[in-house]
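Heads up, there are several structures right after this.
Each of the next two complexes has chain A plus one more chain, namely chain B in the first and chain C in the second.
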Partner chain A sequence: MNTIPIIIDEKKLEVDPGKTILEVCRENEIEILTMCHLKGVLDIGACRLCLVEIEGINKLLSACTTKVAANMIIRTNTDRIKKYQRITTELFFAERNHVCAVCVANGKCELQDLGYKVGLDHIRYPHLFPQCEVDTSHPWYVMDHNRCIMCTRCVRVCNEVEGAHNWDVMNRGHQVRVISDFNSPWGESVTCTSCGKCLHACPTGAIWPKAIVQGQLQKNPGMINELVEKRKMKL
Partner chain B sequence: MDKRRIFISPVTRIEGHANITIEMDDNGNVSDALFHVNEFRGFEKFCEGRMYTEMPTITPRICGICPTSHTLASVKACEMIQGIQPTYTANLLRRLMHIGQNLSSHALSFFHLSSPDFLLGYDSDPAKRNILGIAEKYPDIALKGIRLRKFGQELSERITGKKIHIMGIVPGGMAYPLTEDNRKALLAWIPEAIETVQAGIGIIKKFHEENAEMVASFATSPTLYLGTVGPDGEHELYDGKLRFMDADGTILQDQLLPQQYLEFIAERSVNWSYLKYPYYKPYGFDKGFYRVGPLARLNVASRMRTALAQREFELFKQMNNGKPVHGAFYFHYTRLIEALSDVEDAERILNDPQVTSTHIQHHGRWNYEEGIGSSEAPRGTLFHHYKTDETGKLKMVNLLIATGQNNPSMNRSVLEVAKQYVKGDDIKEGMLNRVESTIRCYDPCLSCSTHAIGQMPMVIEVKDKRGVVLKRLERG
Partner chain C sequence: MSKKKLATVWLGGCSGCHMSLLDIDERILDVAKLADIVKSPIVDGKEMPEVDIALVEGSITSDEHYREILHIRKKAKTLIAFGDCAVMTNVTGMRNYFPLKEVFDAAYVNAVSNDAEGQVPGHPSLLKLNDKVVPLQEVVNVDFVIPGCPPNADTIFYVLFEFLNDRLPDLGKAKKLKYG
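Up next, the complex of A and B:
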């Protein structure tokens, strides 16, 4: 296959066309922060954490949804990018109710890790403190909207990998919510197969198993792509 | 002339924030004393709507000194909801962690917060009447106290990896086992810990002898007592049943299940404090004052469970011919007897061959709508009571905390001491410190903040009824 030349952070690379900037960066160990990206399901560019600068283009583009093109000059760690990463992270925390100290995901949370990575020491925006339901109706799992960051990894995994499409999204703006079926309690779903893939896909403490408490959470988001790859093998 | 008021705010060297108002009558005599708690934390309300299994993680945040007791009461309530029991090893590990917390709390109370009064004197320079002052004059004692606290914290840390807001106590048992290396490391502490507690006992006994009159007359109102006991009435902190005793030593109720607490305890709110006022229901609000905590636990107990503590306990029992000892000052002594029993008990548990077993958790799921659990916090019995819907979501949370139960008596003790030591608007620093130290006898945990060195400024105001300040005294 023909390769194309690009430059990322002053580094000259020969890469396969058709790949996203994110894929190329991951292959070359160039760090890009992500939250809505989950290997194995389609990228949608929702979280805006993976923004990069491309020479000649004024606005920042999301690395997960932008394909490489010949002679692209890409920057991943400028002050401008760092500024936006910090803002985005702060808004995640300000939008819902995150109390890490008592959260089941404490210490095992991608959002918390992100906070540490961008050096989050305080949040400059007023918290919205929305009144969010905790959906405990499923016999095995809990859905706590207080900790959901609307990455929709659960929605995509449920639809694309499990094929159940229990989860979807309703409303706009900060009223947006993940819903089960047509906005009914998860425990009453007629589509959910209780497979637990959404739990593993979820980067935060929003979806968790009822059987555990803080310190016992095990999530394995990498398992999603493994399943996808195994299915391709057509055994 | 109008009534005058002395207002002490905030009380130093206790956990949390509090104010005391002393009301004076027209002749400059103390007529009333109110101990206010102004911090409202609303735990009960904001836990509603959460999963019951989150409570063992949420409730230890109520207090940085007694998180383990909250976790234990909470997991017990969860275990009642699930209808399961922890494993044998889990019970051992929980006991160890509970002992650790009790020890470090008692060490903090005695060595850091109270020993300055005993060793430096009530009327010594307030700027130095703290652990730093002790470190200057009695470096050996200060170090011992700090190390005892460290041992207590290690008991948690070496089991769960955390010192304060511990994880790892879960419904059905424990999340982490104890390794052989950690078991050995903990055992190595025992001789030093026993020696330190005994040194503390030496200090308090000497103070008792040298200040016999003051100790004997210090806040001595009789009350009822509540504490947890084992099947034979022995002293118990983690897992037992409840005993109520009256002021003369008659056992009013014995071997009550914690689940029956509402049959015997009622609560009333008062308009000047956020703490609720619990009382012994059969005796009503006016006569039902009861106390909890180390003094109460030793008053109600028939014996201690370990040898050295039993010897001290017998001396304690002689003080009032086998009847309950009422003086608030004896909280200090009983705290140390408990600490001694803690260390001896830790040694016994660490030598149990099952302590390092990895069979540490039974697994359960929601089965019942209601759960009640109790445990003995350093400051006394606490209860957690949850009601859930059929998915496990909390509909009702009631937390009865130790300091709340001591509150009515604390108030009365403050009044007693104020009457003895405060006259007119002639307020001397040492007198006020005595009022404060009455509160400190109970070692109240009013919120989760810890002010171990107690550099909080204190403002004392003598006010008349209209709020006009007649006199103002400041320190800090």
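Up next, the complex of A and C:
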């Protein structure tokens, strides 16, 4: 296959066309922060953490949804990008109620790890403190909207991998919520197969099994892509 | 170099951060060489004097805390928000999702352990809770923050030791950031 030349962070690369900037960066060990990206499901550019600078384009573009083109000059670690990564992370924390001390995901949370990576020590914006529901109606699992960052990894994995489409999204802005079916309790869902893939896809402590306590959550988001790959195999 | 003055204050928190401070164990002797602890829940002292460093645990939950933090800001050269509650309200802030009346009723009127005459205490000598719990930074300028619930003893010692030696700590670079 023909390759095309691009430059990322002053590094000259020959890459396959058709790939996204994120894929190329991951292959070449160039760090890009992500939250809504999950290998195995479609990228939607929701979290805005993977924004990169491309020479000749004024806007910052999301690396996960932008394909490489010949002679692109890309920068991933400028001060401008670092500034926005920090702001985005702070807004995740300010928008819902992320109380790490009492969260099941404490210590195993992608949002915490992200905070450490961007050097977040405090939040410069006022917290919204929204009154969020904790849906415990499902016999085995809990959906805690306090911890949700609207990455919609659960929505995509349920739709694309399991094929059930139990999860979807309602409202806009800060009132946006992940919903089960047509906004009914999860336990009453007619589409949910209780497969548990959304648990593993969730980067925070928003979806978790009832059988665990604070800080004991074990997640395996890599399992989603393994499933997708295995299903492609012809036996 | 003259000895510095150090204060630690306990506002709307659980004192877990102070427990973690005690966990610096024998390193408190290194701190004592460089500073006198002039006010703290663990030393005898009433009014807060002028200090070089004040570690303030907990968030602002009442009129009393509000007055206190303004006083601390006047007296302290360096004010450090100490622990998740001081930095981002944490567990203390969980009552912010509900109207204050509901919170009071949940504790004093509707709690299962209450008898039929349960009522909200309203004695004038009691502090008055604010509608919303806020972190220190929403009331005063904060010079440094140590997140964590509680922060590790190592982190606390690192920050104290750097400040006592007139250096500015960097939690990100020192890989000592922690929430929860």
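Throughout what follows, the second predicted complex is superposed on the first by the 234 of 235 C-alpha atoms of A that agree within 3 Å, B and C clash if a C-alpha of one lies under 4 Å from a C-alpha of the other, contacts with A are read in each partner's own complex, and residues count from 1 in each chain.
In this text, a residue touches a chain if its C-beta (ideal position, glycine included) is under 8 Å from a C-beta of that chain, and two chains touch if they have at least 3 such contacts.
Here the structure is a predicted model, which is why all the values come from computation and not from measurement.
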In the superposed arrangement, does A:Ile87 touch chain B (first), chain C (second), both or neither?
neither
Output check: A:Val142 vs chain B and chain C. Expected answer is one of first, second, both, neither. What do you get?
first
By the touch definition at the top of the document, which applies to A:Ile4: first (chain B), second (chain C), both, or neither?
neither
With both structures fitted on chain A, tell me whether chain B or chain C touches more of chain A's residues.
C
Just chain B (first), just chain C (second), both, or neither: which does A:Val176 touch?
neither
For A:Ala211 in the superposed arrangement: first (chain B), second (chain C), both or neither?
first
Considering only touches as defined above, state whether A:Val134 meets chain B (first), chain C (second), both or neither.
first
Look at A:Gly187 in the shared chain and tell me whether it touches chain B only, chain C only, both, or neither; answer first, second, both or neither.
first
Pick one for A:Val102: touches chain B only (first), chain C only (second), both, or neither.
both
Considering only touches as defined above, state whether A:Pro126 meets chain B (first), chain C (second), both or neither.
second
Chain B and chain C footprints on chain A meet at residues 101-103, 215
If you look only at chain A, which of its residues touch chain B in the complex?
101-104, 133-134, 136-137, 142, 187, 210-216
Complex contacts: residues of chain C adjacent to chain A
81, 84, 87-91, 93-94, 96-98, 132, 135, 137-138, 142, 145-147, 149, 171-172, 175, 177-180
Touching residues on chain A, where the partner in the complex is chain C
93, 97, 99-103, 106-107, 112, 115-116, 119-123, 126-127, 129-132, 215
Footprint of chain A on chain B - complex, ascending:
49-51, 53-54, 56-58, 61, 160, 165, 167-168, 170-171, 175-176, 363, 365-366, 389, 391-393
